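Both complexes below contain subunit A, partnered by subunit B and then by subunit C.
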Partner chain A sequence: MAGADSDDSLYPIAVLIDELRNEDVQLRLNSIKKLSTIALALGVERTRTELLPFLTDTIYDEDEVLLALAEQLGNFTMLVGGPEYVHCLLPPLESLATVEETVVRDKAVESLRKISHEHSPVDLEVHFEPLVKRLASGDWFTSRTSACGLFSVCYPRVSSTVKAEIRQHFRTLCSDDTPMVRRAAASKLGEFAKVLELEYVKSDIISLFTALASDEQDSVRLLAVEAGVSIATLLPQEDLEALVMPTLRQAAEDKSWRVRYMVADKFSDLQKAVGPEITKNDLVPAFQNLLKDCEAEVRAAAANKVKEFCENLPEDSRETIIMTHILPCVKELVSDTNQHVKSALASVIMGLSTILGKDNTIEHLLPLFLAQLKDECPEVRLNIISNLDCVNEVIGIRQLSQSLLPAIVELAEDAKWRVRLAIIEYMPLLAGQLGVEFFDEKLNSLCMAWLVDHVYAIREAATGNLMKLVEKFGAEWAQNTIVPKVLGMANDPNYLHRMTTLFCINALSEVCGQEITTKHMLPVVFKMSNDQVANVRFNVAKSLQKIGPVLDSNCLQTEVKPVLEKLASDQDMDVKYFAQEAISVLSLA
Partner chain B sequence: MAGAGGGGNDVQWCFSQVKGAIDDDVAEADIISTVEFNHSGELLATGDKGGRVVIFQQETENKSQSQFRSEYNVYSTFQSHEPEFDYLKSLEIEEKINKIRWLPQKNAAQFLLSTNDKTIKLWKISERDKRPEGYNLKEEDGRYRDAATITTLRVPVFRPMDLMVEASPRRVFANAHTYHINSISVNSDNETYLSADDLRINLWHLEITDRSFNIVDIKPANMEELTEVITAAEFHPHQCNTFVYSSSKGTIRLCDMRASALCDKHSKLFEEPEDPSNRSFFSEIISSISDVKFSHNGRYMMTRDYLSVKIWDLNMENRPVETYQVHEYLRSKLCSLYENDCIFDKFECCWNGNDSVVMTGSYNNFFRMLDRSQRRDVTLEASRESCKPRQVLKPRRVCAGGKRKKDEISVDSLDFNKKILHTAWHPQENIIAVATTNNLYIFQEKVN
Partner chain C sequence: MSAISACEKVDGFTRKSVRKAQRQRVGQGSSQFAVNSSRPSAPEISALPQLKDASSTEQHELFVQKLQQCCVMFDFYDTVTDLKSKETKRAALGELVDHVSTNRGVLLEPVYPEITTMVSTNIFRTLPPSDNPDFDPEEDEPTLEASWPHMQLVYEFFLRFLENPDFQPSTAKRYIDQKFVLQLLQLFDSEDPREREFLKTILHRIYGKFLGLRACVRKQINNIFLRYIYETEHFNGVAELLEILGSIINGFALPLKAEHKQFLTKILIPLHTAKGLALFHAQLAYCVVQFIEKDPALTEVVVRGLLKFWPKTCSQKEVMFLGEIEEILDVIEPTQFKKIQEPLFKQISKCVASAHFQVAERALYFWNNEYILSLIEENNAEILPIMFGNLYRISKEHWNQTIVALVYNVLKTLMEMNSKLFDELTASYKDDRQREKKKEQEREELWRKLDELRLQERTAIQNNRHEIQFTYNNNKKNRQDKDENTAAAAVTDRAESDTWAK
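Up next is the complex of A and B:
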């Protein structure tokens, strides 16, 4: 490897190695990211005997360096000599798995999981499993939390005696003194259950699950909920009722809202895991309770799941369950005191119409939609409007148009510009569903009003909106309705409005096509090249550059070129600059 | 000895150490603003008005001298906070450390939270005893080698070196408090903590700095209707869902975070009906609670108001189970204490290791030990005069009026500029740390 004489190729590697201990974090990070280059130059032997021992001791470094190191080591197997030597990577990863920074530990565990697959069954028992045990019985909880994520990768590949030990270690960690470790164990319980033999799932895992789900710390109990869902998918249907359901039922009624929130949040997964029978008998009442929970956070989480829950109900009884059990709760949520709850509901409620069909939608859901369209909170109204497509398929949007319009107008004029911005984004969608006539009659004036909004972001969004509308309704419609209005603004006394004309032309020229652009827009642009405000003039140059590709070459040479040349000799520096730029981009020089 | 952490008043306290400058003119920056032992008692941290944190470490015990406990020596000193200026509000933000809280130990390093009025910081204090050696392109002293002479690559090696203690800021939790932070408290779940200012309490995750949850907000819509402020807040030592906060009106509210996300509705309100006979112009000021602390076992909590210490059973809201007068003789002096602003001093209080004795400070560099089981109390003094090694502290008495007996000190001769606001008790042993203005006194039980 190292030649007898000085070797030029060594120099860059020497720099990289020296920078592993540079004062500057960025340089250290850089070196760590090129660790494979260093290892390649050192060869497998020296990587194992010198580089890895050095790296094992560098755990004092900054988090970002350690994070990069932990990641690198996961891909290092070939660089230490292949699977035969992969266990050499364990010491540095073991020390990284004990640092206080969670992201680093997690990355070290991820890499350990990755290289565990590269261990031979023998090496796994000789090297890897002892490491897991060391971590699991470490003094500090950081190492014990890391151990929790490693059991499931070695379990399937070790002998039955070692398996028994692993189960014992996991059991110990589930009743650890520190909540951090119990949380780590609870979050890995589902994953561990998946690799266990069914008999041990029933004997070991269930008791651990039950214990964690009644832990004194809320933060542990709420993680047990997710584990419960995974465990439920593993068990045969007939065991669910006895082994899992009592605990899950208890979680849905936990004293702590955070646990109930978790149940609400995982409700769809839970529903799929336990199957239709338990759903009908157990989950429906539980879901009703969550929708009526005293804590708004829980209601909002449950409200978010309404559509998914209804969709996944068994088909034979779906409609009955929704109509008799779910809908009454939904009706109450429409007038909830908390706006997050209402807006969560508004984001999914429209989805119910496809499930319930036309008649039920008109009779039961429509009044709710209308009520939400009149809600005092703009977010609720926006969420309804953004999901209009679902109703459109079932009953047609016309049913709503009477209430829709005031709602849209009100949002369009909301004092908060972010609300105005949000409604603009739905305009093309609405236009498509309401049709051109309705649009011209009711909404066109709004779209034009936004062009002269006092907030730039709104004016900008409004120009983008016009482009999308033209894409929908066609060039002819544009020529008759919006182009005259846009061009009219070129004579506005406010230079910001005059600039809006230019921005609109930029956006519209391509969708409107050559004819409209040349005939109607170009003369206006030319006229504005004499504007007294420099900002307008240089935007003329920018516009010409932008619409140039739409124009034919004759027009470019005879009409555009002279205007740009005149602007290029403008007294204003910026006007000159953009004019010259346009000339070169359009190759008119 | 009355067992580990025991100690009734049969404990004789003797001087162990004093830290800080001896001269009389005190630099403002050196004034100690908080004192806190870590969970093992091996480390003791102080914060001062200059924004510095000093950590003392208990020397490992020398068996041959087991009669005397080992001393605390400086382990690490660092600048935790710097003075800042809020340009939007034209306000200076002092660097003064308001509170320090240690985190339960998670690995070989130690972690603590320190806060000034606005910003909370998480510090890591770690030891390093190895450093890498060996460069390719330069000598260890920094001289560059001729690149042409490099024929082999050298990988640096770690070699032992003198122990170095490093303090590094790990997280900065900023921009969540409009008013001044008065308390921070770490939750028993080891992943969250609360911070309280005059009107709000926020809940943080220790690993997330860009977001916190507001769990209590007592700010009225109209600030003219403001009648009370939050003075202190603390998490229950074992129940992760329970915390308390005290108010300037002398009440303590206990909240259950399980019940709802926003804890504006308390689940218990601890309040003692006012004694009409003691009613005066100052009643409201002196009933303001300056500190609240849960006992280690979590059954009781202690509150300190201007004149007394009260111990409450968490199961009884209508009155405290025990009340101790700290310096009742000041009741007649309230008028002058109001004039010199002393009436607004915020005295803290602390429990001993097994919750049998509580300690709190007073004026004239006096501090009080209140024995719960024997209902006895004693006044001790932290002073330069009695700081010969292992000298036993003599109890002090203040003459409350009438004829002054021998050994008694007259109320009028008390020095109100010398006050002990901050004290801490070792979590297991009878070792206490008492902060006078700019000195830290460490006393311990005399062992025969």
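Up next is the complex of A and C:
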């Protein structure tokens, strides 16, 4: 193969290994990251016989180096001679899979999983599966944890005797003495169940699931929840009640809030996995309890799922369930004591209106929206405003506009600039939905006020906002409403505001078109080229470069060029630089 | 775990001011009342007669009654209800404390289960989520346990019970078992330092009195530490547990068991990598030094371990590491010192040259320690060449004048130790730098050639690609009868092309 014919004497392995042993960690790390280059230089044969044994035996190193090594080896198949030799990569990866540092181990497992697919079924049984067994019966917990992630990749492609052994090993790890291993097993239980034959899912997996879900440590129990969801998708409907539901019900009422949080967090998946009947009978009351949980963390997680849960309810009874069971809980959450709960709810509550339709929305949801729009926490208000589009489709935004306005105004003037920034981002959306008249009357002045905000990020966002508004409302609107105000700022005593004029022109020239740009904006830009502040002058040069493409060539030659030439001989070196740059970009030289 | 607010998402920073504001939340729930959320409020309890007024025959009965009465739990987040009952329980608990601390002969066998039930009911609970999701124990005020007025007395009572001269571990071990200890250990994660302080003393007593539980306690502590190091990086009671371990290590018999050595290398040393090291470094260093004093042969693995985990970017931690190294050097045996001097002084030399003056200063202070100085003097032929380059360079170019002055002193000391070697090193300094530069150029040249080769290979491989594919496909055909799963082969093909695409 390629590489074998390269001049070996040029790259004796000793030199390369010296690089891998360099005293400086950074250099070692660089060398390891180029391990594939080293392997290429050595050729496949020597990579197998010299490089890999070296890596397996002598590397005791910083975790960072080991991590890079573990990653490299996952892509090494061709460098050792293709799939028939891929098993040569197993020894170094095996020792990396026993390292203490979690990231290294995880990466080694990831690489092992990757190359497992490149093993032929025979190699898998001869080389790969014994490695998994060795790891599974290792002394120290690290190797057993790593083993948990490898069962599912080899199980489907080995003989039935070996399959039985694998199942036995997995079972042993599920009742391991150390919680670390039980956690690893619990987190891989769902994945393992998916590759098992249905009979073994029923006979083996269920009992493991039940045991892990009642582990003495909540960190293990909570991982079993996710496995339960995966298992439920595998089983036929008629077995669910007997095999998984008792355990899941118990999890939803676990005494540890972490477990209940997990149930809330996985609720939509769970709902899909168990189907409509169990949802109606079991999940609805469970969901109500989670929405009323005593820990805010759990309530917030459940509140996040309200919309998805309602959407996925069986259609025949959806509305009744929402109106009689879910909505009362939602109403309580609107005035929850915890702001995270309220803002989680606010981010999804608007979605209910499409499900419930116009009349119910007006009667039941609207009061809640309005209450949240007045919430003391800005995040809650923002979340409502950011989702206005859902309501707009159902009842039209007019219903809300009276309450919307004070909320917007308050957020627009919030003391935290991050809040102001967030509301600016929703302005184009709001403008589109409220219509041009409402906007001109109520919101236009806000948008202009942001242009003179004392925080640069806000002024910058406000500029971008103007551009989006013009895209929505058209050039004519721009000429009448915003261009005069923007240009007016060119005479402001504060040079930062004068520069904002230039930034606005940069943003607006293209959407406003040639006529407005030439007729109204350009003269102002020219005038500013005489500004006493150098920053303004070089921004004039930058602006001219930016709006040049919008202008016609005559104008460029006769008007723009002289101005730029004058700036190019400015006494300030930055002004000169940008003027020259503009001249060359616009090809005016 | 709490949602991150939209205004924080904008730039990805969470700021203290925002977080602080969030903390003013009212009416936080407690997991202890999870199961009871829909229950009617706690039953009212009424005061029983005082223990001290009861006759000795009635006293035992009354003691048990009071213990049972104290199993009724109250919600302290609700500050308005059950006020009277709460006061009754508080008074009863106070009496129980007095009863077991002042009287002899009160610990009859039947009270043991009653006592453990009362204690378990009151203290064992799932700790509530932290009020502050990014709780920083170094900066933030901890959330205090709301039910402390009762809980404090329960802890106090349990401690007095364990310390009572009549206390019989052989009777108690039926109730204070592995499960009990496991739950007790989980409470060490409490944010409330008062609670952890009690837990520390209690666990220490239990470890002292229940020989059968010792291995279990150590194993569970190991699990907590391993989880802390490698999984969560969050556990409030690390310092307290280390403090207990400090005294446990003190009592280890010699020669040390393999289990204890493993604890040192697999847990105590990796604990140095934790983000929150500053909170428990003193206790950790104490444990480590205890081990070395017990068995000097462990010095090498400890020092090499510390060097492996030496902080790369955190100067504050680097100073702590240097402090610990000095503590170790204070007790090191000269023969052990010889084994680690080379790697150790390479690190010290780097620290001396650190641009952070506190790190440099801390390392240079080693030369003020007489014992260390004597070790250096004894081995100056090895140490001087390691240190010289950096010291010499720093003496000319460090930005901080204090460091420059300290370095001069160190250089002077070293010169006095071995002036001949010192002169040789000074003379060869320039040549050494040149040689290093040359070596560096050679490295670059090597890698340049390798990279060229790689490019050639890539073109060659692109040309050969079809050929390789062809041979491979043939191989595959030969095997196909055994191959149940051709999908795997398809994966291989894809993986192969990915490898070369990069």
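Convention: the second predicted complex is superposed on the first by the 563 of 589 C-alpha atoms of A that agree within 3 Å, B and C clash if a C-alpha of one lies under 4 Å from a C-alpha of the other, contacts with A are read in each partner's own complex, and residues count from 1 in each chain.
Criterion: contacts are C-beta pairs under 8 Å (C-beta built on N, C-alpha and C of every residue); 3 or more make two chains touch, one makes a residue touch a chain.
This is a predicted model, so every value here is computed, not measured.
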Which superposed partner A:T37 touches (first subunit B, second subunit C, both, neither): second
Which superposed partner A:R157 touches (first subunit B, second subunit C, both, neither): second
First (subunit B), second (subunit C), both or neither touched by A:T178: both
Partner chain(s) touched by A:T98 [first = subunit B, second = subunit C, both, neither]: first
Which superposed partner A:A14 touches (first subunit B, second subunit C, both, neither): first
Which superposed partner A:F309 touches (first subunit B, second subunit C, both, neither): neither
Which superposed partner A:Y85 touches (first subunit B, second subunit C, both, neither): neither
Partner chain in contact with A:D218 - subunit B first, subunit C second, else both or neither: both
Contacts of A:L51 with subunit B and subunit C, given as first, second, both or neither: first
On subunit A, the residue positions that both subunit B and subunit C contact, one per complex: 2-3, 6, 10-11, 15, 41, 100, 102, 140-141, 178-180, 183, 216, 218-219, 255-258, 294-297
Interfacial residue positions of subunit A with respect to subunit C in the complex: 1-3, 6, 10-11, 15, 19, 23, 27, 34, 36-38, 40-41, 62, 75, 77-79, 82-84, 100-102, 114, 117-122, 140-141, 156-157, 178-180, 183, 216, 218-219, 253, 255-258, 260-261, 292-297, 300, 304, 337-340, 343-344, 378-379, 382-383, 386, 416, 418-419, 421-422
Touching residues (chain side subunit C, partner subunit A) in the complex: 1-3, 5-8, 10-11, 22, 25-31, 33-35, 37, 126, 128-129, 179, 182, 223, 226-227, 230-231, 266, 270, 308, 346, 443, 446-447, 449-451, 453-454, 457, 460-461, 464, 468, 472, 475, 479, 482-485, 488, 491-492, 495-496, 498-500, 502
List of subunit B residues in touch with subunit A within their complex: 104-109, 111, 124, 126, 128, 130, 132, 135-138, 147-158, 188-191, 207, 238-241, 257-261
Contact set on subunit A toward subunit B in their complex: 2-7, 10-11, 13-15, 17-18, 20-21, 41-42, 46, 50-51, 53-54, 57-58, 60, 98-100, 102, 140-143, 178-180, 183, 216-219, 254-258, 294-297
